[in-house]
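Naming follows writing order (A, B, C and D), and every chain is counted from residue 1.
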Amino acid sequence: MTNDAYTVAHLEADLRTFRDERDWAKFHDPKSLVLALVGEGGELAELFQWIPADEAQAEFSAGRRRERAAEEMADVLIYLVNLADVLGIDLVTSAREKMRVARERFPVERHRGTAPVKT
Amino acid sequence: MTNDAYTVAHLEADLRTFRDERDWAKFHDPKSLVLALVGEGGELAELFQWIPADEAQAEFSAGRRRERAAEEMADVLIYLVNLADVLGIDLVTSAREKMRVARERFPVERHRGTAPVKT
Amino acid sequence: MTNDAYTVAHLEADLRTFRDERDWAKFHDPKSLVLALVGEGGELAELFQWIPADEAQAEFSAGRRRERAAEEMADVLIYLVNLADVLGIDLVTSAREKMRVARERFPVERHRGTAPVKT
Amino acid sequence: MTNDAYTVAHLEADLRTFRDERDWAKFHDPKSLVLALVGEGGELAELFQWIPADEAQAEFSAGRRRERAAEEMADVLIYLVNLADVLGIDLVTSAREKMRVARERFPVERHRGTAPVKT
């Protein structure tokens, strides 16, 4: 690990310091944090809503729009990590495990090129 | 870096492999990924909706409920990282920067104990 | 029906006029409308996020907060009706049918006082 | 009013009966209802996530997919009306008022053909 590596574990520690310095732990019950998380997800959605689907990647890959998307995505991550802290969940390890399950659930030979459509 | 360290950068690499092995990049335009992200955020919300606010932390800090929350939170993170990959955004660094701004915007002396209520 | 009755059918007609006068139908593909809907749902969530659960009803039942909640709820309804229009769905009838199913799925004698918790 | 007219006011009355027969009012605090609402919004989003944007209207305008979309949209409306009931908000009138404001905010001559992009 190089000195400049900043991981989710570091972010979690920084968020805890930020929260506790302001005595904000009392606001961080799980339901409130989930509302904050979906609130930031909603702000992210609004950035994209009227952009034509086939232009969105180019529009948001540079400049002011990328910056705005990065800010809202950061906010989603921040509340996700705050919630993980409150519940004692190892977020990145959970995602690793989820992908292990997904590899078994969606074998390459059966799912190549086909979206797993929700019904 | 110890051998068991698994970071968001590793997750991003694993997600890319998973996606490309299945030829799913064509589904990963930004608007679709944001819909997937808010979809998982919605599933997370549903886990908590009818649990009394003051019981939620205890209810979701162990056992089956913690596991289910971890799964949905992992899904939110997975789509967040997929989107960051498509847009070329460094997610964790963006969160670090967001917190730097937040520390200036909410100075301790003025915001201790008071929620920054949205209006 | 009294003259002052304004129904979802009237709202749908007004939304169509509003959209077509501005030549905005081209933006109203279903994925864009769903992103707009969840965006407004997110703004609604943000209003409530840091309010203690047991104070929320009183806090939002009058004054500026009720007005803000009404605005965001109106926005959610507006995009819901726009989407219903695009897909040819009768929204209120669908809700009536959904409740008919819910009455069968959650018989009073078995569900009195117990939340149908999602797992 | 013809006999087959079923309005949001009727839906609100039916939802109240449904809720009170089951003694579920205790679960219907605003934060819980907002979590339920965004949960259903998330389920709606999931239906659309992997459908190509330019195929979504056709795909969801008939058959099983339209039915599923109608169900999730009905659920969003149901929680919106439950929340309106708890807060004493007249939902459809609020939407009518919101559109009055929108007509002034987005004059036809200045906004024809141009999306009001969020930044």
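Points worth noting:
To be clear about the criterion, contacts are C-beta pairs under 8 Å (C-beta built on N, C-alpha and C of every residue); 3 or more make two chains touch, one makes a residue touch a chain.
None of these values were measured; they are calculated from a predicted model.
Judged by contacting C-beta pairs, the busier of the interfaces B-D and B-C is B-D.
Matching A-D against the pairs in C-D, A-C or B-C identifies B-C as its interface repeat (over half of contact pairs the same by residue number). Mean C-alpha positions place chain B and chain C at a centre distance of 26 Å.
Here the spacing of chain A and chain B, counted between their Cα centres, is 2 Å.
Multi-chain contact residues of chain A (touching two or more other chains) are listed as 27, 29, 31-32, 34-35, 38-39, 41-42, 45-46, 48-51, 53-54, 115, 118. Shown here, the protein chains touch in all possible pairs. The touching residues of chain A, when paired with chain B in their complex, are 1, 5-8, 10-11, 14-15, 18, 21-24, 26-27, 29-32, 34-35, 37-39, 41-42, 44-45, 48, 51, 53-54, 56-57, 60-61, 66, 69-71, 73-78, 80-81, 83-84, 86-99, 102-103, 106, 108, 111-113, 115, 118. Those residues of chain D lying in contact with chain B across their complex are 27, 29, 31-32, 35-36, 38-43, 45-46, 48-50, 53.
On the chain C side of its complex with chain B, the touching residues are 31-32, 34-35, 38, 42, 46-47, 49-54, 64, 68, 115-119.
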